[in-house]
């Protein structure tokens, strides 16, 4: 199984650390290729302006890679541009961390809370959770007052996340916790021990979801629908307007897993 | 990975056929044990009375088997008694076909329809789909006018399902189809070819979902929450009232997959 | 009018006390028969496992008694198994305390809160309240931190319920209160005086609702629907599978009200 | 028990016929007083302008009569001005036909349809049904293309209602029917026989609901809340502004039930 | 453009102050005519009884004035009787302050809070906000514990509003504030400076909305629908019942803006 | 008042025709500047891939122009990227045609239908309508089976739109119609005459809404919130990453309205 993980930021600062998370999480038969964006892009996506500025890149990468991968994970907990990425992904299923984590959380408890970084994120992410159907299930979304770059750099990050999470469990009656940022990793083990509830991290959840969907696609031909709202743009227009004439805007890449024979496109 | 598939009816009429579906669907490292109910139980669960009469059996089987399996699938598209089964399952995650199919469908298209057997089922199943969060995404649930035992026995079953499905796609604008019965299997390949949309069957979807959750539990300790509404009954009460004193009401069993070493309880 | 009140637990511990509540609440022309479950059943239903273990009993009792009663109340504020009980109840209407209390509360104020025993109950009961249509009307459901057996036994029960209720009124702006357990009786008079809002108890509300529906059934033939999702299981299957061959699992019984001539089944 | 039925129109054209409906429906210990509005008022309330023009009358009558009655039914299926009438009703509970019929229907089946007179009514009435919490339960509201005055006067009224109702059952999968006009009475018996589903009429449903609430108020002091949104206007303002200085605008009156001593106003 | 502002109370206590607000807010080509109600009406509408008592007056004024104005604003933040006023307004669009403020707030931020006077108002106003479609967007409605007459008379009004608003922003994460009373004016400038979020006042918002709709009606013939639920009552019935025979119950009047030639009715 | 209208496609094919629509619609004191995108962009946005590819352009144009305009309209009925555009617009309010049309429709009738071009659009646009709060109000969204370029080019466009609209009114009971594409202009006059309901077109509605918001911003300082979810990206990051270093990707431009003095940036 080949899975592409797009790190939707400019310098792919956490790509090696994320690779270790993936290495621990992947099935033995899964290969994950990371790809970042070129220089000159934002190094985080906390603002919707930044999302907008990289969305074109993401579409171009998905268009370019669709034939090579069974599934594509688009990093960032805003699940940036899922409609567009899914439209242009051909036979590859596209997974967003928010959809994956909330779907898994919904099987492990009746309610969940999402612990995010900054209040800025809450409105956008809450809307997604509602659109995914978990409006009643989410009892709170709380900010730990940490920016994306704080999660792996500030020494008190774990402590702040824990304090916020404890309020989610004790005050809001969350039965499951979700860490709502793809850079918010490495915290769940200790949290699970101390808080006694499952703590879902974004990258492993997205990977497991992607593996499941890729596996299902291979076995049962459950490929993305191309009907009605999921119809892909006509190749004739793409060609006429030369929408993908330039090489895809790829930044750093990194492979996790043993090399296997790539299947023909 | 060991997964228990509970066939919640009295004679396990389709267990061999289902085993072939599982054999095609499982990961190489997955063992699936089927277990049916003893004689004297209904052979289908179309009526809520029947669900009620077997729910005690299901709870007892889950209680008995929880320690041996990583995940448990409870057959039947009503997702019978999920709250109770999940409460008593210890560290095993419990998967219902309705939750699994709708979650997968939500990644393959914007909308879906569910093709069920008889109108009787629609209200109960629709409520589940809404509770799982897919009320806006489900554009219709239609009955093919087939009972549970008709799916594998009536020669015109495929034709009736196809006709109903076509209306879902053309009139209701479904982008994805779900076959809403665990006995409604063996139809998707041809349907996908003729209708051009993904057609999700219940057993493979539930298995893939169970594998993903079992795999995640093993790697990340994402076990079912036991907090607040997910709190399990106290062992002291179970002992005092001898709730599980009798041997669990198991019927036929069947194993799919190579035997592996069972882990200690 | 004859009404059956099923006390869905093993020892019917509160049956005499409940009988006094009913005696005060019933219309002069109403006879209420209590029936409990046999020994070996849980003495409370706080856990969904316990619900599941008694649901078969409830179905069997309803099946057995349907012809003798105009209405059936199934005790316990989870409104256990209403779909199944209503399916098999023939011409008898089936009433659940949660549905009855919330419907009455909706006529006495714009908002209500439900004061339950333990946090465990909240998710399950809240889902019911939403399904009954009162999601916007319920401003809170709070736990008084009392188990089922505490309500009639702990000396500080009234005080804890009162303190919790006061928060519902003052902090959550509840206009009406509901006591969310059938064993949470005997508190409303004092609460109404001190808090100045109506306080609905489960048993009297269920009885009044049952009387209304029984009365309406007698006068206008408003019997339960048997169409579509309300279709009853076919007698042929019931007979073939001998689903009700054993005598119904009845425990203690107690009659409230003057004996009247039973009508023929 | 004394119940006031306000016929909110100018000539009370159906008061005698309605009295016969009430006579058949009432408990032996129930007295129902009809009161209509004075001349010069609309004879039906199909338009919201007409509702608005009589709402002041309704408030004045409720204010005047509140002390004499245990419950008040305000006729008309728009449930006209319930917030205002309930605010000023003192200890009398106020019942609207729409709330009563839908609450009863919710106990007799999973879904219902409402058969109304003209398309004009549908938007207003549907909003009420949603506000009462039955948005998911109502599968359709259809118009029989009959005005209020047609129900008791046009010879083809029964036939048109029946044809519309049949579509509700067969096409929309309604398990229960509601006749959505207080003048739409006298049809349910035949409909129930021919259609095989319960058919709820507005006046009997409202009466039974009112009896239940009045009975409950007498026994358990479940009077309308006067807290927060249900707070009544201060008597000082009513007096200062002389809001109720004029005699209440009562039209025709009619008593159903044994004469009892009226208490002084 | 000619706009009618109906001040729906008896003494039009704030009409001159409101006129200054309008003078500052109006387009140069807008004329606004204030009209109050006659003596003997409530001087505020905090209670639904008072709304009910003046609704007939409002309908009569709208009926009388519809031909003269391009748009009509009905004062009071309950948006009293909008269905009736809109039904009878002919070609004049009718604007309610709650609908106007919430629509504008929805363009300036993702969330808003409404700061009202007393807790009494919250349930009624929240229902309106939900019906207008902003249930998810409104993060809170809080009362400053001020009555209608306190806003312009109590020296601490600004301070109380500010304290309440600060909680909306800081605790509830409101991005925009709305002042939920038409007498709650004159506060926004300072609040915007101190709180750093937009603060929408009811009268200016309603005026701007009315101007937009009036302008649109003139240019594009976007007049109120008269179809289905918006159908107006037939003139034949109005004439037969002489519903508007009396002169309209107008109180004080005041014109803001240069006199222009009235267009023929 | 200065308003920017961004035509979010590559060749601005309809810019002159749209200018005539604007000329008819604008207030005398409104200047509207059209700006299109450079060559090489899609000429319509029916696919989400195309939206994604131009979203960066839109953000850059808004960033560049924000200081010069009081309001900005982003063309295209998907309301493309509103979160991002609103975040970066400084003091300029940003208007999307879908939000404007549905808000106006909500004041002219109880229900509306949206007539769009192709079924492809329905899922995306329906989600927006629900997010804007009009899920209950929209009775249908139907496709006339016309692409964006068909509206102004196919001779049978008017006829197809009319036929589809008639079904919305007659079958779905729409009281108001909305034409759901910014190129779907020039049809409403005839439609209003023939169908007898208001027909809202996207460009005039967006313009009127923008004028109202710009006017309000000037008078009352009702500028976009910059709090919580509406917080703008920090200038330091924008500078560090040089996000807007290149000249904005503007295509054709066209001014409507008398030239006035531009205010300093």
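General observations
Labels A, B, C, D, E and F are assigned to the chains in the order they are written; within every chain, residues are numbered from 1.
Here is the rule we use: a contact is a pair of C-beta atoms (placed from the backbone, for glycine too) under 8 Å apart; a residue touches a chain by one contact, two chains touch by 3 or more.
These numbers were taken from a predicted model, which means no experiment stands behind them.
Considering every other chain in turn, the ones in contact with both chain D and chain E prove to be C, F. Which listed pair repeats D-E comes down to matching contact pairs by residue number; over half match for B-C among B-C, A-B or D-F.
The distance from the centre of chain A to the centre of chain D, each centre being the mean of the chain's C-alpha atoms, comes to 54 Å.
Look at where the CA atoms of chain E average out and do the same for chain F: the two points lie 27 Å apart. For the pair chain A and chain F, the distance between C-alpha centroids works out to 31 Å.
For the pair chain A and chain E, the distance between C-alpha centroids works out to 46 Å. Each of the following residues of chain F touches two or more other chains: 110-111, 119, 122-124, 136, 173, 175, 228-229. Contact annotation for chain pairs lists A-B, A-C, A-E, A-F, B-C, B-D, B-F, C-D, C-E, D-E, D-F, E-F, with touch applied as defined. Every residue of chain E that touches chain D in the complex is listed here, in rising order: 10, 40-43, 46-53, 55-56, 58-59, 63, 81, 83-85, 87-88, 119-124, 127, 131, 228-229, 231-233, 237, 241-243.
Taken in their complex, chain B has these residues touching chain A: 24-25, 27, 93-95, 99, 103-104, 106-111, 132-137, 169, 173-176, 188-189, 192, 196-198, 200-201, 204-205, 208-209, 211-213, 215-216, 219-230. Per the touch definition, chain D reaches chain F in the complex via residues 119, 122-124, 130.
Per the touch definition, chain B reaches chain F in the complex via residues 110-111, 136, 173, 175.
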